[in-house]
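In the two assemblies presented below, chain A is common to both, partnered first by chain B and then by chain C.
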Partner chain A sequence: MRTVEELIELANTHLGTALAATDAEAELTELAEWDSVHLLRLVALLEQELGRPVAVDAVLRARSLRDIWAVAVGT
Partner chain B sequence: MAITLGPAADERTAETFARPVRVSGPEGPWERVREAVERHGSVIVHARLAQWLPDDLEDPRLRPLLGPDHARFRKMTHPQVRARFVASRLLLKHVACAVIEAAPETVELAYKPGGRPYLRGLDQIDISLSHTEDLLLVGLTRRGWIGVDAEAKDRPMLGLGTENQVCTPYERRTLAQIAEERRNAALVRLWTLKEAYSKAIGQGMRFRFTEFGFSPQDRNVQVLRPDGAPGTGAEWAFHTCLIDRAYTVSVALFDAGFGDTDDTAAATMLDAGLIAALVDGTGEGDRGE
Partner chain C sequence: MAGTPSTYLLGTGTALPGEPVGNDRLSHRLGIPSAWVETFIGTRTRHFAVDLDTGRARWTLEDLCTDAADRALADAGAEPSEIGFIVLATATPDALMPTNAALLADRLGIEGAAAYQLQSGCGGAVQAFAVARAMLSAGESALGLVVGGDVCSKHLDLAQDFRELPPGALVNYVLFGDGAGAAVVSGTPRPGTRAVLTHLEHRLAGPGLPPGQRVEWFGAADLRAGGLPRPAVTEDYKAVEQRVPVLARELRDTLLTASGWRPESVDYLLPPQLSGRMTERITSELGQGFEWEAVSCVAETGNNGNALVFLQLDRLLPRLTPAQRALTLAVESSKWIRAGFTVEAPREAPDA
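Entry: the complex of A and B
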């Protein structure tokens, strides 16, 4: 997974969301269709995609999709 | 293994929680809300977003109603997020003000680090807020701490990899013993209980959901350690019910031993420092007494 856009595509494909690339920087609390169930499902998807555990504690502190992506790819 | 998602199943739970009250708009029924608090010390209120959404989100009267939240609201851009924000805050404020018998403009909603809402100056009342789809849910207690959570009862959660992020080993074992057609609903119930408990203790999801659990039974519910051993005592009470046959709603309540305060009018619920500041207008209060 090289870009946050790929993370957004992953979410849209598996979570049924309709997130746009421009949502990458938005506060998660201001994404209309985003909630805590989505967050944990995304963690599971990322672990499956990356083939390794993702730091859930850090993901839970993330404020945006870009933050989540950064945690997932370890930047 | 039976799972009860209906009304309270045992006397202790039935005594702790009143049946959730539907509040279809600013007209109430507030007497039922006050009765619930008077008899049980707590109340759960539910409503639909459209019932609490002002016709005009640019109405200047929203500024005093939302208080400091108005600045945050103004920065929001997504119409659905703005609508949900306004409607949920109006509902929460009206519930609180019905209980303390004050005007919504006089109560300030504030947030602790981590986002937990509280009513500034009303230190004997605890509140919790949840929403899912167009359902709004408010919990209020004068007994201690409260957390509420709602989720669509048939929201797909099972088999999507979330069990490992959500469940303790004990919960995974007990879920596997539940009939397949009821297993997803049982997981949704566990999820809402965990969310409600996390909100009540002010941790949100920072307290890993795999570090504490619940039993699939809705009788004498208590927090369990990952291996299924008891984790909390009688000071905590939990309850799950269905609202409109569509939403699983859970409540977590910590009884801090505040006792049965019959008088919840504003003058007695406001903390002394705030009352002094309001009376002398200096913001400092009378520190000489």
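Entry: the complex of A and C
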């Protein structure tokens, strides 16, 4: 997973969301169709995709999809 | 349905199966990160009738209701032979027939009683008290037994990969728990009366709205047709999050008006029990500006549906001093029911 756009595509494919690439920087609380259950499922998807655990505590502090991507890829 | 007559609460009892199951244990078993549960659900522990390691059911709803009823009878200083009727509320009966109400009568050795069972959720305890109140005011019995319980772990499929669950089914894995509660009630004051239920209200409050929660049942034909046709339990958690605070506020105001209580005269609030986090939020909203002490259980017991109000009453009664007042508010999201009552301690210290 090299870009946040790939993360957004992963979410749209598996979570039924319709997120746009421009949503990467938006506050998660401002994304109309995003909620805590999507976050939980995204963590599981990322772990599956990356083949390793993702730091859940850090993901929970994320404020945007880009933050989540950064935690997931360890940057 | 509101107003008098009063129902006298003589004793309560509860039953929670086994040891509390913490979020780490749940996380280990189901793969749902405990940090997520703590942050978004806020429920710290729950009890399960099922053995999480083997998947074997250790207690039935009948077992839990029997334990709770035994304790309520002991608390009330009443004998099973004095009980004229049972009203039991549940969404997860052991079987559709015979009813758990009838089986409970047998287990307690109550003969010739009337036994009613309500198919209900979080509003069930209040509905059961409403039926009991009607029975008592009809003068058919001196004492009744009101019971509520759920074994939600019936729906906890331990082989399920949570990543494959739709969000509306997934949340149930972390919200719910098992348990039962019971109360012995009388239509007239008796020595040892612990509290009095004065105004009671329950009504449908979501005309035309889709259900907030749906629990299926499956018969042999459904299963033969190729497995479970749809998730057994689904919850529109976004609708729950939006509507429950509104309905709880309406119910609070309705009960205060019906009872004529000034908000300042209320000592305790028994708020709706959804998840630890949501209950925290609703409690602070409902009690804003008042010095109401909240009596909640969901963060420790999980949401065990029909048992919740009994678990709260069980926690309230030892704290009540003469003439203290409490508001009990419950909201059932199935087809949107708001249900609650006012409770008052007798003016004089109760007889031992």
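Simple rule for what comes next: the second predicted complex is superposed on the first by the 75 of 75 C-alpha atoms of A that agree within 3 Å, B and C clash if a C-alpha of one lies under 4 Å from a C-alpha of the other, contacts with A are read in each partner's own complex, and residues count from 1 in each chain.
Following the convention adopted for this analysis, a residue touches a chain if its C-beta (ideal position, glycine included) is under 8 Å from a C-beta of that chain, and two chains touch if they have at least 3 such contacts.
What you see is a predicted model, and the numbers here were worked out from it, not measured in a lab.
Q: Quick one: chain B and chain C on chain A, clash or fit?
A: In the arrangement built by aligning on chain A, the partners chain C and chain B clash.
Q: Using the superposition described at the top, determine whether chain B or chain C touches more residues of chain A.
A: So, of the two partners, B touches more residues of chain A.
Q: Return first, second, both or neither, reflecting whether A:L60 touches chain B, chain C, both chains, or no partner chain.
A: In the superposition, A:L60 touches chain B and chain C alike.
Q: Is A:A44 contacted by the first partner chain B, the second partner chain C, both or neither?
A: A:A44: touches chain B and chain C.
Q: One more residue to check, A:S36. First (chain B), second (chain C), both or neither?
A: A:S36 contacts both chain B and chain C.
Q: For chain A, which residues belong to both interfaces, chain B and chain C?
A: On chain A, the residues that contact chain B in one structure and chain C in the other are 35-37, 39-41, 43-45, 48, 56-57, 60.
Q: Within their complex, state which residues of chain C touch chain A.
A: 31-33, 35-36, 39-40, 162-163, 167, 170-171, 237-238
Q: Spell out the part of chain A that touches chain C in their complex, as residue ranges.
A: Within the complex, chain A contacts chain C at residues 35-41, 43-45, 48, 56-57, 60.
Q: Enumerate the contact residues on chain B facing chain A in the complex.
A: 76-78, 80-81, 84, 132, 151, 155, 157, 160-162, 164-166, 191, 195, 204-206, 208-209
Q: Inside the complex, what are the residues of chain A that reach chain B?
A: 29-33, 35-37, 39-41, 43-45, 47-48, 56-57, 60-61
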